[in-house]
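Letters A, B, C, D, E and F mark the chains in the order given here, with residues in each chain numbered from 1 onward.
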Amino acid sequence: MKNMVLIPFLLALLSFTSHATDDKVNNFCVADLKGPNSPSGYQCLPPNSLTVDNFVFSLPVSNTSNPIKTGISSAFVNDFPALNGLDISALSVIMDSGGYIPMHTHRGATELIIMVEGQMTAGFLTHDASYVKTLKPGDLMVIPRGLMHFVANYGKDKVVAFAAFSSSNPGIHSFNDIFSNNLPSDILAQTTFLDVAQVKKLKDRFHGSG
Amino acid sequence: MKNMVLIPFLLALLSFTSHATDDKVNNFCVADLKGPNSPSGYQCLPPNSLTVDNFVFSLPVSNTSNPIKTGISSAFVNDFPALNGLDISALSVIMDSGGYIPMHTHRGATELIIMVEGQMTAGFLTHDASYVKTLKPGDLMVIPRGLMHFVANYGKDKVVAFAAFSSSNPGIHSFNDIFSNNLPSDILAQTTFLDVAQVKKLKDRFHGSG
Amino acid sequence: MKNMVLIPFLLALLSFTSHATDDKVNNFCVADLKGPNSPSGYQCLPPNSLTVDNFVFSLPVSNTSNPIKTGISSAFVNDFPALNGLDISALSVIMDSGGYIPMHTHRGATELIIMVEGQMTAGFLTHDASYVKTLKPGDLMVIPRGLMHFVANYGKDKVVAFAAFSSSNPGIHSFNDIFSNNLPSDILAQTTFLDVAQVKKLKDRFHGSG
Amino acid sequence: MKNMVLIPFLLALLSFTSHATDDKVNNFCVADLKGPNSPSGYQCLPPNSLTVDNFVFSLPVSNTSNPIKTGISSAFVNDFPALNGLDISALSVIMDSGGYIPMHTHRGATELIIMVEGQMTAGFLTHDASYVKTLKPGDLMVIPRGLMHFVANYGKDKVVAFAAFSSSNPGIHSFNDIFSNNLPSDILAQTTFLDVAQVKKLKDRFHGSG
Amino acid sequence: MKNMVLIPFLLALLSFTSHATDDKVNNFCVADLKGPNSPSGYQCLPPNSLTVDNFVFSLPVSNTSNPIKTGISSAFVNDFPALNGLDISALSVIMDSGGYIPMHTHRGATELIIMVEGQMTAGFLTHDASYVKTLKPGDLMVIPRGLMHFVANYGKDKVVAFAAFSSSNPGIHSFNDIFSNNLPSDILAQTTFLDVAQVKKLKDRFHGSG
Amino acid sequence: MKNMVLIPFLLALLSFTSHATDDKVNNFCVADLKGPNSPSGYQCLPPNSLTVDNFVFSLPVSNTSNPIKTGISSAFVNDFPALNGLDISALSVIMDSGGYIPMHTHRGATELIIMVEGQMTAGFLTHDASYVKTLKPGDLMVIPRGLMHFVANYGKDKVVAFAAFSSSNPGIHSFNDIFSNNLPSDILAQTTFLDVAQVKKLKDRFHGSG
C-alpha cells in the first residue's frame, strides 16, 4: 500500500535520476586504463560494471632484500584505477635497519608521511636549510610539493610507514635518474658541478649511457 | 575595393585562425553524450555541427501530482550538453501548497536559490545550527556546498523557483537514498542511530533491500 | 539518562570538532568586505557572528525608466558577501518592450540565462557566426565564458529573467566601455576600425575623454 | 680559492633569490591560525620563523572508552597548520571489537582508507547501491567525495587504520548532525520521512532542540 | 660487479616504475590533434613515440605586407601540441612603423608582453580608465585576463616582441569580430550604440552579412 | 543634450558598477608585498592607487661576468607585483659563449623557452631518456613542469632568450641546492649515491655545512 502511494513520488524523483547510468559516472570515474589518457586523467569505466572490488586495492607485500633494504608498494592511478580524477594516492614502505629511500621529488604532489612502526628519519631540503626529524609511530610529516627529500632507518627496528599524496599520480623523480638516461657525461658534469669521474661512475651504476 | 584591400589583412589575421574548426572547440565544448566521460567531462561535439539550439534548453513542464506536491526539472550536463566543462547548471521547481523537497546534499556544488513566485521556506544544517528562512519573490539564498538542506511550501500559494549550481552536474544525494539501496538494515540502524523498525519501514517505502 | 550515556560519545566526537569556531569557517566563508581582497576573494567573517540573514539577499527592485528600458539588479560578491569563494552569482533583469542590454562580455564566467516571463532575444558572437534565439519562459540559454553577447525584448510584453554566473564576481565589460575612458580618439579609431567621427560621437555620449 | 671564484657566481644566482624570505613563503605556507581565514586558506607564518617541528605533527593517542568504542585523532589544517593550502590531511582510527564510526560525508574531499591492523568493514552508498567490504591490513579503499559512508569493526581484534583526505580540511558531516541542531522536529520529520517519535528520540540523544 | 649488486636495487625501484610507458604519460601529455577534444584538452599521444622534436616548435616567419603592417605567429596548442594541458602558450609579433594589432580580448588568459626590439605602445581598458605605455626592449607588460587591449608601433623602427599567455589556447576575440558574422546590422547597431551606417561599412569591410 | 538623455541610462548601468573601487579589484589584484601572503597569493593594493606603471616591469640589465657566464633577470611576483594571482611570469637570459644554467627544476610551473639570438642547447631529463636540442632564434621549447633541465651555449655567439612560466612564482630548485644547506655530508652521500669526497667538495664550493 505504502509503496503504491510512493510510486508517483518516485516517479517525481526520477526527474533527477532518469539518466541512472550516466549519473553514477558523476559519483566516480574509475579509470579505463586501456583507453587514452588526457590532461584530466583516463576515461571512465561504465559505472554499472563496477563493484566494491573496484574501490579496494590490496597493496602487494614488498620485500627488503635489496641494496636500499626497503620495500615499496605504490597505489597510484595506474595501480588502483579508482583514484582517477580524485587527487589522492598512497604507497607503503617497509624498511629494515639501515634501509633508506634516496633523494627524490614528486613533481605535482605534496606528500604526507604516516608513521606506523619503528623510527624513521625524514628530511627535505631548500636552498639554504634542511628540515630533518626522526619520526615515531603516530607521527605525520608533510613534504611540501616539489621539494627534494629522503627517508632513512637509522634505528635498529624495522620501519613500517605509509605516504599519502595530493595527486592520483604524484610522479617520482629520483635524484639518481640524472644518471640513468643518455645525456652525455660531460654535459651532465658541467651542469651539475659534479666531477666527470663521479658522473661516469654513477652512469655505470645506474645503467645510463653517453 | 575595400574588400580587396582587406584581403591581405584578413590573410594576416588567418595566422590566428587557421584552424577554424579547432578554434571553435575552444570557445565551447558541447558534450558528446554518446562518447566516454572523463574527470573533466565529456568529449566535445564537432563545433561546426552546432547551432544556437545546442545552447538553448527548454525545461520540461513538471507536474506536482505526487506525494511531495513538487515538480522538478533539471538542466544538468546530461540534460543540457552545452554545459559540459562550464561549471554551471540549474533546475526549476514548482511546488503546491504543502509541497517540499526532502533533505539532500549536492556533492560538488554550491546552490543558489532564486525565488520567483510564492513563499518558500529553505534551510540548511550544520553540526550545531540550522539556517532557515521563508523566501519571497526576488530573494536569493545560498546553500554552501555539501551541506544538508531542504525547501518547503508552508504558504497557501504555489511556489515557482529556480536553483543554479556551481557545477555542470551537482549530484543530488537525498537523505532517503540511505533507504533505497541494499545495505543490511541492522548495519544501517547501527550506523545512523535509527531504530531498526524505523529503518525497515523506510527501506520498505523506498524499495531498498537488505 | 541516555544523554548521560552519550556524553563520552560526544566527547569522543569532539576530537573532530574541538575547534568549533574555526570549523564553521570551512563550511562557508562569508566575505568581510571591509578587509582586503586577495586572488581567492575576501577574508571570512567570524562564523559565529552569522545568521541565516547573511545567506539571503533580496534583489532590489529595479526600474526601467531609462534609455535601455531595462532594470538590472546584481547579486555579485560585493552585493551578497555569502557568495565569497563559492563560484556562483546571479542577477535579475526586467525589460520593457523595446528594452535591451548592450553587447558585453563577462571576463571570467559562463552565463546561464533563465527565462521567467515574456519573450527575450539573446545572442552571442564568435569570429564567423552568431547564435541568436528568442527565448520563452522556462528556456535556459548558456553564454560560454568570454564571448560577446546581448539580450533584447522585441516582443510586446515585459520580460522577467535571471542570469546565473559561474563566478562570484563575473565582471561586466560593456562594449561601450571603450568609449567611457580617456584613450585618445585617434588611437581608438585606428585600433577598432571605427571612423573618428563615430568615436568622438560615442565618447561624447559615454563621458569619455581624449 | 674556489669559493672566491664562486662568489660572483653566487651573486649572479642571487638574482633568483634576492628576496630570500619571500621566496621561502612560496615553498610552503604554514598557517597563521590566529589570523583571518580566506577561501584559499590562512595567511602564511613568516617562513624564517619555521623549523622542522612545524612540519611534523604527533597524532594524540585517542581512547576507545565511549559508546562507539572508537578513538579518532584528526590532523586537519586547524590541528596541523603546515597543511595550509596543500590539499591533503589525515586522521587515525583505533576501534575496539564492536566499534564503529557512524554514517557521514566529507563535503569537499575524497577519502583513502589505509588499513594497518585488524579487520574493518567499510561501506559507501549511492542512490541504488551499497559498496561494502571487510578490509585487511595493507588494503586501501577509496570513498569518492561527498558520498555517505561508515566503518565498523565486526571482528574480534582491535582495528588500527588511517584515512587520508584530498583537502586540508575535509569537513565531517555526521548523519546524526541532523539531530543536534535546532531545526523543529516536525520539519525534520517531514523532510527526512522519519517518524516524529524517532526524530524526537534522537534529538534528545544528540542534544538537539526544536 | 657493481651493476650486479644494483640489479636487485633496480628491481626494487621498478615497483615505482613498472608501468614505464604509462608513467611517461604523466610527465607530459602531448596532444593527439586527430582525436577528440575535451574540457581539459586533447588526448595524449603515446609517450614512447615522442622525441625532443615534439617539445620544440619553430615559429614560422611572418611578414608584414598587410594593412596592419604586422606579422603574427602563434604557438597555441593547435600549433604546438606539447602545450596540451600545460596552461601556457606564446606568439611572436613583427611590426613595421605604423603597424598595430586591433583591439581584442583573450577569453581565458592573462597576457605577458615581452619587448625585444623597437618601441611599441600597448594599452588596456577598463570602464573608466586606460592604461597605456610605450614599451622599450626588456620591458614586460601584463594585460589582466579578459580586458580589451591593443598594441601599436608609433615609432620609426621595426618592433619585435613576444607575448606569453596563461593558457594553452588563450582565444583571440578581435573587436572587429562583431562585424564578420551574420548578426543583422540593426541589432548590432542598437546593441553597440554604433550608427547603422558605421556598422554596414564595417560589415562590408570584414565580410560580415546580415 | 545627448548626455542629458544618457544620464538615466548611465544611472541604470550604475547598478552594475556602484562599487566602482571594489569592482576594479576584480579586474586585477596587484600584490601588496608588504602584507601577508596566502595560498592564493598576496592581498591586493587599492585599485584606485594604480597606474600603468604598476603593470610594466623593466627587466634589469644583467651581466655575464660570473663563472656561468650567464645573466638572469627574473620577473616573478616578488619582482613584478602585477603578476599576483595571474599564473604567469617570465625571466630573461643573456649567455656568453660557454655559458650555461645548471640543472634545476621549477616546483610548480611549466617553462616555455623563447629563443631570440644565438644558439642555445636545452635539455630535460626523465628516468630513462634525455630530450636535448640546440635552439635557434624563433624556436620555442617546452619544459614540462617539475622535470630536471639545463641550458648551455655551446656556440660562438651570445645568446639572448626569455622563458615564460605558468605560475607567478615558479620556484627555482637548483641541483646544487643540495650542497648549500646543512644536511650532514654522510646522509647526503648515502641518499644521492655520490661519493662522500664529492659531497664535501661541493659543500665547500656552495657554502653548505654539515
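What we mean here is this: a contact is a pair of C-beta atoms (placed from the backbone, for glycine too) under 8 Å apart; a residue touches a chain by one contact, two chains touch by 3 or more.
As the structure is a prediction and not an experimental result, all values here were calculated from the model.
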Chains contacting each of subunit D and subunit E, listed by label: A, B, C, F
Result of counting contacting C-beta pairs for B-C and C-F, higher pair: B-C
Subunit A and subunit F, separation of their C-alpha mean positions in angstrom: 27
Centre distance in Å when subunit A and subunit D are each reduced to the mean of their C-alpha atoms: 19
Between subunit C and subunit D, centroid-to-centroid distance (C-alpha), Å: 34
Residues of subunit A touching at least two other chains: 17, 23, 27, 38-40, 107, 123, 126-128, 132, 145, 147, 171, 174, 205-206
Pairs of chains in contact (touch as defined earlier), listed by label: A-B, A-D, A-E, A-F, B-C, B-D, B-E, C-D, C-E, C-F, D-F, E-F
Interface residues, subunit D side, partner subunit F - complex: 2-3, 5-6, 8-13, 15-17, 19, 22-23, 25-27, 29, 32, 35, 38-44, 84-85
Interfacial residue positions of subunit C with respect to subunit E in the complex: 100-103, 105, 107-108, 123, 125-130, 132, 145-148, 150, 152, 171, 173-183, 187, 190-195, 198, 201-202, 205-206, 210
Subunit B partner contacts - residues on subunit C that touch it in the complex: 17, 20, 23-24, 27-28, 51-53, 55-59, 61, 75, 80, 82-83, 86-90, 92, 110, 112, 114, 116, 123-124, 126-128, 131-133, 135-136, 138-145, 147, 160, 162, 164-166
In the complex with subunit D, residue positions of subunit F that touch it: 33, 36-40, 60, 62, 65-68, 70-74, 78-79, 107, 169, 171-172, 174, 204-207
